[in-house]
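Please go over the structures that come below.
Next, two complexes with chain A in common: one pairs it with chain B, the other with chain C.
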Partner chain A sequence: MNILVCIKRVPATAGQITLTPDGQDIDTRYLGFTISPHEECAVEEAVRMIEAHGGITTVLTLGPEAATDQLRDAMALGIERAMLLETDGREWDPVATASAIVQAIEAERAAGRSYDLVLFGNESADSAGYQVGVRVADALDLPCVTGIKAIELADGHATVRRQTESGWETAEVSLPAVLTVKEGLNLPRYPSLPGRLKAKKKEIGRIKPQWQGGGLEKIRLKLPVQAEHTVEILGTNGDAGAQLVEVFQRLRLL
Partner chain B sequence: MILAFIEHVAGAPTMLSLEVLTMASRLARKMGTQLEAVAIGPKAVAAAEILSSYGVSTLHVADDQRLDDYAAAAWAHAVADLAARVNPRVIIGTASDRGGEVIAHVATRMTMPMAANCTEIVPGDPFTVTRQRWGGSLLEEAHLKGTIKLLTIAPHALAAEASPSRTQVATDTFSPALEDKDFRVRLKISLAQARVVVGGGRGVGSAEGFAALEELAGLLGGAVGCSRAVTSLGWRPHSDQVGQTGTRIAPDLYIACGISGAIQHMVGCRAAKHILAINTDPGAPIVAQADFAVIGDVQKVLAAVNAEVRRVKAGEPSRSPA
Partner chain C sequence: MSGVPAQARVVVIGAGIVGNSMAYHLAQQGWKEIVLIDKGPFPNPGGSTGHASNFIFLTDHSKEMTLFTLDSVRQYKELGVFTQSGGVEVARTAERMDELKRRMASSKAWGIDAELASPAEVKRLVPFINEKIILGGFSTPGIGTVDSLRGGTLMREKAQAMGAVTVVASTEVTAIDVENGRVRRVRTDKGDIETETVVITSGIWSPRLARMAGASIPLSPAVDQMISVGPVPLFADTVGEIKYPIIRDMDTNGYERQHGGDLEVGSYDHRPILWEPDDIPSIGQSKLSPTELPFTKEDFDESLEHALELIPDILGDPRVGIRHAINGLLSLTPDGLPLLGETPEVKGLWSVAAIWIKEAPGIARCVAEWMASGVPEIDPSGSDIARFYDHQKTRAHIRARTAEGFNKTYGIVHPREQWESNRRVRLSPFYEREKALGAVFFETAGWERPNWYASNKPLLEEYGERVMPRRYEWDARWWSPIINAEHLAMRDRVGMVDLSAFAVFDIAGSCALDYMQKMCVVQVNLPVGRVIYTSLLNTSGGIKADLTVMRLGTNHFRVVTGGADGMRDRKWFSDHLPEDGAVQITDLTSSWATIGVWGPRARDLLQSITDADVSNEGFPFGTCRFVDIGPVRALASRISYVGELGWEIYVPFEQGSRLWDAIWDAGQPHRIAPVGIGVYGTTGRLEKCYRAYGNELEQEFNLVETGLARPQVKPQDFIGKEAYLKQRAEPPAVTLCTLTIDDNTSSSGFKRFMMGREPVLSPQGKRLVDRHGRGSYVTSAGSGPSVGKTILMSFLPPEQAKAGTKLAVEYFGEQYPATVAVAGPTPLFDPQNTRVRS
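Let's turn to the complex of A and B:
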């Protein structure tokens, strides 16, 4: 079985987001970077599938050279191959991102590697376009199920489940297919030290796709307006008991 | 014209869809154009009643029974077919799981860009949207290109507001040219909600043996379940398991095929209104607890039942019992 996981390098934002002065990006000078959380689960799921069913996993990202960090993080968890679609750091819109990924998958197919399963996050943490996976599926003419929180594989098909307001919804789809997943699918493992060392030495395949504009052109980012807000400090450590009881009563909890 | 993709339950639009309609009718006014809507699924026509308070002039309803159950690709095909015919300037939907998925498929079909989770729309050239990123902790102002603007509206970006004056809503039924591949993802009725569950135990004999149960469940519009023995043997996924450590079901009819009726299994189907047992052993505990029973081999009994049900569904008279 051949599984491809598409991940995105995103800033690990903390309590507050700060923008660059030109409003084009998040100020990441003091931030680390990480794999988008839904996609961490996709990585974990791919590793588990290969452990259970055998095969080869590949991780792919479209991003700057520094995104090799995230590819290595994925390899440290047990992904075997990695591919970087290298950009100059500019943000690609969903149409452009999807088309670069489709080209990479087609190039792999031409070289003799076709994927039984392509995993995506349901949406990327930073830009949340909710579409790259769907677009790739449609372009490759593969069936697609989004928003998945459980996958079971059995010869040639997948039974997947997603959570709806009214309970679980189950779908069955034959492979090859595209699945987009959500956090909660599994609990990703921590990388082991040997895993990290092994990942460091692995080779990363590189492609440099042509920059493409897309149909969604970012003008600027802005922070939502925060309402004025004051906090009532009720005390410190053990001296706040009475005040807390008063609050509970005010809220009719006692 | 602006086309709003409406999600509804038996003709009652969801709260998020009413928000979308509110946004869409304001947008239509700003653009000096009409608002139309498309709804898919059972009783979609009934949505006209409520849409009349949101300035909708026409409700398009897809007429194809295969669209009754949700299938993202098929629903998107229907919307894209309609769009090709009525030529909207904007297609707008909710940013719910389904709305987002359907509009993304429509976007790829029509080779158009799409903006997800919009909170504001300023029409014109350029067509400017404000959309949520990072789950709403950040907003992006962007130009949405493409000759047809596709967007989804973030939940609760505005309050739904019905207009005091009602419009006359015309209904247009259309038949999209669906293809088999639109139904490659088969949505299964969930075990917990199915009105009929056909459960199989070790007595079914093999994983392949469940084909007959699948067929009967399909014919009756139900779901397939199983016992823990079957899950342990790897014949069915755990999500099918009925019982203490599986799913609790409450169907109108539970058809237990080749299941002994162990207490751990029975607690999972206790809420069934009726139980029909099919078992070779008349002394099996399940038989004593069932409302109806057939004594015999699962495969033989089901082969006969399925043939009979198929015959009746095809409009032929049932063969009277010999």
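Let's turn to the complex of A and C:
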């Protein structure tokens, strides 16, 4: 089995987001970078599938050189290969991103590696376009199911489930396919020390896709008015017990 | 809660382990109306306490830091937040194994139960360690971990229960108002608090708070990386927090400690990662907390590999994951010691900063005592924030030294080791001359001081084995036999010593005499032109300073003190100046350069370049006067710290090179030797049994014990007099003695040379302890080339403080026989002091 997981390097966020003075980016000095929880589940799922069924996993991202950090994080968890579609740091819109990923997948196929499953997070943690996975599936003419919270593999097809307001939807999809998954799909593991050290030494495949201006252009970021949080101290130590019970009752937790 | 109290006896800013401990100990001292304020929420407002590894290793080579730690452990135990687990420092190299022996010696000196362990013994203690890559360990059963957040909370609540403390959370200090050099109020985003005393216990934010008041707290936030891995199958059945000993992997600057089901791995091995206090994120901007910054993996990879080598069974298990990883911020200072005491810039503004969990409650008790009575039980002089000169408070200096010091956290630091960064800051006017003579410079308080001169190498042949050569590398490190050759040349002929690092203060004004009487132990009302040597005491009779005073006029005194002590001494003088301005202090350190000229031919030399009468009658010992040396008018003072005839000659700074050249040229017929501080600070003084501040002289020992009590006590009042009279009336608990080593040959055949801080033991190897519980240790050690012996000083209990007593000194795991040569201040060399008075 060949599985490709696509991830995106995004700023880790805190309670209070600060923008750079030009309004173009989130100020990341204190935050560091990560991938979205959806993508963490995608990585975990790919590793589990290979553990269960054998095969090879590949992780791919489109981003600057620094995004190799996120690729190595994924490899530390058990992903075997990594590919960086290296950009010069400019932001690519969903059309352009999908197109670059499609080209990379086609290049891989030409080189003899075709994917049975391409996994995405349901949406990225920063721009939340909900588009890249769907666009890639469309361009490759593959079936696509979004919002997945459970996957079962059987011969040549996958049974997938997603949660809706009224319950669970189950679909069966033939492979190869594109799936966009959501947090809750699984409980991602932590990287082990040997995993991290092994990932550090691994080669990362690099492609420099041609810059394409998409249809979407970022003018600037603006912070929404942040709600004032108020904290009510109910009491300290044991004194708070009675009040706490009252609050729980009000919230119908008790 | 809204608002803050309108006034307070004291405002403590910062509620980490230090602030909570301070609030508690101030309450213990009887203080009321204490306000404890923090910009964050309780119990974890987001400072370094919140992410500390919370383990406590007991032994430090510094006595002061060890005493703080032992007191802290006692307090943590009383609070019920200490879990004893034991701890082992492991060695991967032979050099480290030697260092562990040195740590054993320090443990014995400070009274800590510890032992060296073979790899197999370490394995028995720590079953998951890879004992094959270690040479041994240093095991201390008393080591453990604390719940510092809980401990802080308990102390805060105790202080609240005493009705002494108002606690204000989530309130930011916006300004500290200072009027006439004194704290007046603290402004916050919830209102102002009128107060005359502020204690900054704000950890990494302390520099920002100090700056609000116009003061400096010279520290830098720095990253300590740590990760937590788990779940560790072996720890699954651990009840409580920790069962296995904590490991310090000294050679790779790492540590591993169990934390419930996890193993915490931390490191000081990575590149120094310094932050600016102004760049630290707010609570809202932080992902975890302001002091838990995003983990930078690539910096830690090498540490991961080291940890994996040492703990392969746990860390190599693929089921054990890195669950938590941070770049934790902690405070580093330019010299590695905490920043305690009232700031010299602002009265009423106290710093209690750059403190680790292991020493916080002990330090808080000390500073609270200091604030309440002026006389803390543990002497905090080494950590006194007043120790810094202005240049040491600059950002450049702080960054250079904290970066250099970071990787020394677990380092093998030689007692004489020199800093490499930010050197050549303070240069005497003799510097170029000294450089030309091949001076090897050591630093004191920013001054470059020749420790010895390569130009004196030919003296080695002249003196042969008398220079007491050292063939063991550690003993010879940061040392040269030339020091001892210079010593002998000075005693035989004459030497010149650059003493420009002296701190020099003029004290003058209509009430200067009364003021100096109050400050000094000895009689200062002597004729103009007399020089005195005196101690300054605190009110409990502890020794606060040790210096000389020249009386230049009826109400004009010139104080000369050591460069390392200068700023602390200046604060002590300044603190006691009368408020009406009737006495003033002026710092002349940068105005006067000094050369000491000493040796049997010093008079002949000086007489050849001055018209002044420098005969014994014309210029007796203990006097000073201005003399013309060629075109230079210099102040000559006939005293000596090396026990020779001669003078300290003070010259206006810009005329220094003229003075140097005059002495140098006139010295040639006498075969003058340039002499370094190696002689002045060690060999010369030790042969004369002269005491040094910070070694023998400190607040924990009194004048009677140090042998500095004079036959008479002056009738005038002075600070500490009452306590001093009491000390004189009772038999001393210890007497400062001079010892010599009988045989310094080690089992490997090398002659070994102690450096100070080694334990002094009975011939059977038992600790000597005085009636106050203080153990005996070597306060100073060095060669005595003129007496041909290794000389040590030590405070000994009465039974041992007798000439001829046989004792032992432990050095690198071996005990060397020693004999008490002198009990009390009588010099080994020239006991009648005929030379200085000739």
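Note that in this section the second predicted complex is superposed on the first by the 225 of 254 C-alpha atoms of A that agree within 3 Å, B and C clash if a C-alpha of one lies under 4 Å from a C-alpha of the other, contacts with A are read in each partner's own complex, and residues count from 1 in each chain.
The criterion applied here is as follows: contacts are C-beta pairs under 8 Å (C-beta built on N, C-alpha and C of every residue); 3 or more make two chains touch, one makes a residue touch a chain.
Everything numeric here is computed off the predicted structure, so don't read it as measured data.
*Asks:* Please indicate which partner A:K222 is in contact with in the superposed arrangement: first for chain B, second for chain C, both, or neither.
*Replies:* Only chain B is touched by A:K222; chain C is not.
*Asks:* Does the superposition put A:K200 against chain B (first), chain C (second), both, or neither?
*Replies:* In the superposition, A:K200 contacts chain C only.
*Asks:* Which chain makes contact with more of the residues of chain A, chain B or else chain C?
*Replies:* B
*Asks:* Give one of first, second, both or neither to describe whether A:E51 is in contact with chain B, with chain C, with both, or with none.
*Replies:* A:E51: touches no partner chain.
*Asks:* Using the touch definition from the top, say if A:T13 reaches chain B (first), chain C (second), both or neither.
*Replies:* both
*Asks:* Look at A:T164 in the shared chain and tell me whether it touches chain B only, chain C only, both, or neither; answer first, second, both or neither.
*Replies:* The first partner, chain B, only.
*Asks:* Is A:E65 contacted by the first partner chain B, the second partner chain C, both or neither?
*Replies:* Neither partner.
*Asks:* Answer with first, second, both or neither: which of chain B and chain C does A:P191 touch in the superposed model?
*Replies:* A:P191 sits against chain C, while chain B stays out of touch.
*Asks:* Jot down the residues of chain A that show up as touching in both complexes, chain B in one and chain C in the other.
*Replies:* Chain A residues touching both partners: 13.
*Asks:* Give every residue of chain C touching chain A within the complex, in rising order.
*Replies:* Touching chain A: residues 1, 41, 229, 279, 281-287, 293-295, 297, 301, 304-305, 307-308, 315-323 of chain C.
*Asks:* Quick one: in the complex, what on chain A touches chain B?
*Replies:* 13, 17, 26, 93-95, 123, 125-131, 134-135, 138-139, 141, 143-147, 150, 152, 154, 159, 161-162, 164, 166-174, 214-224
*Asks:* Write out the stretch or stretches of chain A touching chain C in their complex.
*Replies:* Its residues touching chain C are 12-16, 18, 29-33, 69, 72, 189-197, 200, 231, 233.
*Asks:* Could you pull out which chain B residues touch chain A in their complex?
*Replies:* On the chain B side, the touching residues are 72-73, 95, 97, 100-101, 104-105, 107-109, 112-117, 128, 130, 132-146, 152, 181, 184-188, 190, 192-193, 237-239.
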